[in-house]
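So, here's a batch of structures to check.
The same chain A turns up in both complexes below, where it pairs with chain B and then with chain C.
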Partner chain A sequence: MSTGTTKLDVVVSDVVPVNELVTRFHFRRRDGQLLPTFSGGAHVVVEMRDGERTRLNPYSLMGSPLDTREYTISVRRDDAGRGGSLFMHSTVRPGHEMVISYPVNLFSLDLRARKHLMLAGGIGITPFMAQTAQLAADGGNFELHYTCRTASLGTYADVLKERYDRRVRLYHDDRDERIELDRLLSSQPLGTHLYVCGPSGMIGWVRDRAAALGWPAETVHFEHFAAPQPGAPFEVTLAVSGKAIRVGEQQSLLEAIEAAGVDPPYLCRGGVCGQCETNVIAHDGNFIHNDHWLSEEEHRSCKKIMPCVSRFEGRSLVLER
Partner chain B sequence: MYAVNIEPHVVGPKGSALENLIDVDEHYVSEMQDRALVLAEDPLRCQSLPHMTLAGWDLLELLMEQQALGSPEHFTLTRDGDKWRWINRPLGIDDSFTFGDVSTLPYGPMEYITRQSQGDFCILDQRDGNLWMDAGMVTTQADWSLDFDIGMNFFEWHAPVPLAHEKGIFTRALKFLTNIQQGKPARRLNWTMTINPRLDTSPENYHKWGPDRTTVTPENVGDKVHLRVELQSFWRLPRSNGIVFPIRCYLIKMDELVTQPIWARRLHRVIRDLPEELANYKGLSRYRATLVEWLSKLDDGSPTSAGFGA
Partner chain C sequence: MAAKSIISRPVYGTLSPQPGKHHLFVADADGALAITDLAAKAPDGFFADAHIIFIPGNEGQHVAALEALKPAQFYQGPSFASALPRLKQTLANAHMGLRPYLAGTEGLIGQAMQAALEAGIDHTSIQTEHRGSLARRVQCVHCKGITESVTTQPATCSHCGLLLLVRDHYSRRLAAFQGVCINAEDRSEIPPAEEIFR
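== the complex of A and B ==
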């Protein structure tokens, strides 16, 4: 059976520019009903129909899980990306009818934690918006450290400061403010869980330091929001469905497979959930693995690929799809 | 030997156990009274670790919504923000409470609603790529103990199951279950056999029901031996991101089962051909030969269908 998600028919109820890079989108159900309840850290996959092309991008839900009249997401414009964020910024307006997935949580709070220590970088703040709202409503113990390039690009920094005051600490790159990570990680009470969401360099740094300072791996939670990267076009043969496809420069392999009418299961479209894992039958060339799902050994084996984020360079690639 | 019989948990034929996703049937009141008796004797049949309260509220919402949807003549749920009113006519309950505030209910949310819902319920916390048996209401079980399993992960509580670990069944099942999505519940059936129509066959009460297995004779098979079918469903819980796993038990005695000749034929072949390890695990060994002999007289050798259904 398919393990994908159920879809929701929504209408864009508001579009709010937040700063020069980030715009917030509000969705309500077209039938006027409440949206499904979700948990802090959940994302939805937004279907963007752009002429001939359909893009499916995951975005964290950033509203309070206690209010399901609407869902809100914040989209950072990525001028060098594959066009999903540009489509959202330039085309989507209030009243647009769109389709989104049911919420899926791959970055869940560990509710056993006596304290939740959260580290956000840039647009990685969005899942923490929902998680802090969820925890605050129930008297939860949390502390948020948020780094941004400049004060004006500190998306929702003002909102968070106002809501949670001293539980939020801001760091601005342009003022040379840095998280004193080792001090922070060394001074937490027993039972603290650590959450990090931001650029992959930041996630790697925090995970490395936490491991070096003796944090058990199961207390360190992270979410990579690895958007598929553009790259050189390549040809693929889908052995099961008997199709030959071409993956365009701005297209992911998963999108190209879907465009050919084949529907592999997916949840995150960001290389972490494992749903779209695909067996390689034959290849002549090199894999560009960008996922966080397969082990390094599996990457080296050239027997599997995650088509949502990974690509291929070379003469031929045959997949079991 | 083991069938991968997982399918989407969607509504089935009217009048069947699948007419509603949470089945309420004619045994409702007696099963709830049976549960209250078991709990009075052994309160540890209901446990919820401290971090599972939110999941308990998720379960309360799910069971109230589904029971009210399926049996509006018996149950009514009225919601105004977090002010909820729950009417349960068969049990004479009419409670108003604040959703999320444990002080407004007579029990914790999981215990409150599972004292009013047929079947056992295990709530599994999802973390570290595994599922953890961190809460449950278990009074109608086939020889396993919540008190023993509480806090265990998926592999730990399944450790006693024979032959399945080697086949990688639990690794694949865990992968499937951790990917269960909100709004897309799944189900499977499990089975064993029980002597006398007893819901509570727990290890805690083994002294009460275990010896019954020695009382099966060719004369009383039809009345004493029951096929026990568990309808297990799997649901993602929205606020806690946990999974709830209701296990609903149905019993049918052999005399009733064999009124359908095709069922009699099939059950004969299944019991006869079951690997020894599974027969031991299911606790059939002491009366298996007697049962097979009794059923064999109802098997004329004609074919049965290949799959589910008649």
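== the complex of A and C ==
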């Protein structure tokens, strides 16, 4: 078992379609006990046993941290992805027994902040569902700006409006509504912390503008799980365990290593936590780095790879695993 | 440069221009030199969004050099206490994008830091540079009185008169070093005072 990824045996207690792309899943413990407590921004890794294959995908917990009878996640169907979300949508039904990891928080609130300014894009809304619930319970000061493609794809926009009214501001792409980012960032009181979760383009844009406008790095928090991308199959030699493996088209390198019976550490499976960092012993070919953990310099050095999201193209790759 | 010892002992850096919409400088005496050194590295127009609060001290130097930077606002005052209301007011009205820079004696840096922390700024976001005297602001743990500009070890508490060992233990909240009675067992034992914080 990997570090920090103690497992929980759960049963799916409810499956609720939210809109044409998003479905919500509720989990309870099979033994009827309460689930472990978590804080807003935490995620769990869901194991999806699909016949021969097991996929493990991270999802943010979106329920209130005050209620640990059940965990809820929302899964956006990704038709071009590797099938994890499709599996959830098409196969998982109430009563389905599943295994999920303990919650891990890589996107926690800094509770010393005077104010929390939250920017969500699309399905990036989910961690904020939990964070706003947590803050609202303590009378915390927050403001949420949520961009979605259309009103009908504004997952939970109605719930959030209903709960928090003017503290939530919506922007619809199809109505050409855009966040006035510079003005928003420059009008925040001292002591504000910024949180952003959404597509990587949005995260990059917000981080760049915040840095340029003088927001210190420690006040800017972001989370982007890079979903592992499908790609051409490739061969890998695991030097420490003495195994030769093949990474399938729809498989991540980490999953292929696990399928060979080797258990490298992981926490996020989305290229952000750094746990799965693996040394490259030899290579002949090109790396396709998809993580947000290694620096650009490290990417260029070809000495390290994050197997949860990154791939390889070429003749041979030898890893220290 | 002050020596690094225990963990609460503040560590100072070198001021460098940060990206931001407004730049707030608080300095005393030779702290002005840290600002003029920064100016040499700063992009054009940097001081057009700057506010300098300066306490020249006894020597009264450096005022002209700071004014020559043409900051948007310049204030000089006789003491930190006289500048404090202005500093607090500035912080209370400020928005994210304001970058604080503190330079000069430890007493000044500590007290200005305290005002910035109260305004919600994280201490890791505050640029500091120690210049000039190493004199310490000391709080007597016995009577809680603060003695300014302590240069000797041990030092006499200006409030209760106890002879204090000036520790490296620093309180960010009080902006003061801790002073503990050095001869509690036998008051007649008076170790010689050495001037070590100059």
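Definition applied: the second predicted complex is superposed on the first by the 319 of 321 C-alpha atoms of A that agree within 3 Å, B and C clash if a C-alpha of one lies under 4 Å from a C-alpha of the other, contacts with A are read in each partner's own complex, and residues count from 1 in each chain.
Definition applied: a residue touches a chain if its C-beta (ideal position, glycine included) is under 8 Å from a C-beta of that chain, and two chains touch if they have at least 3 such contacts.
Because the structure is a prediction, the values reported are computed rather than measured.
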Partner chain(s) touched by A:215 [first = chain B, second = chain C, both, neither]: second
Chain B versus chain C as contact partner of A:112, first or second or both or neither: both
First (chain B), second (chain C), both or neither touched by A:204: neither
Contacts of A:186 with chain B and chain C, given as first, second, both or neither: second
Dominant contact partner of chain A by residue count, chain C or chain B: B
Which of chain B and chain C A:37 touches, first, second, both or neither: first
Shared contact residues on chain A - chain B and chain C: 112, 218
Residues of chain C that touch chain A when the two form their complex: 18-22, 91, 94-99, 119-122, 124-125
Sites on chain B touched by chain A in the complex: 6-8, 50-52, 54, 61, 100, 125-128, 175-176, 179-184, 186, 238-241
List of chain A residues in touch with chain C within their complex: 112-114, 185-192, 211-216, 218-219
Touch list for chain A against partner chain B, complex: 1, 3-6, 36-39, 41-42, 65, 102-105, 108-112, 134, 138, 218, 267, 273-275
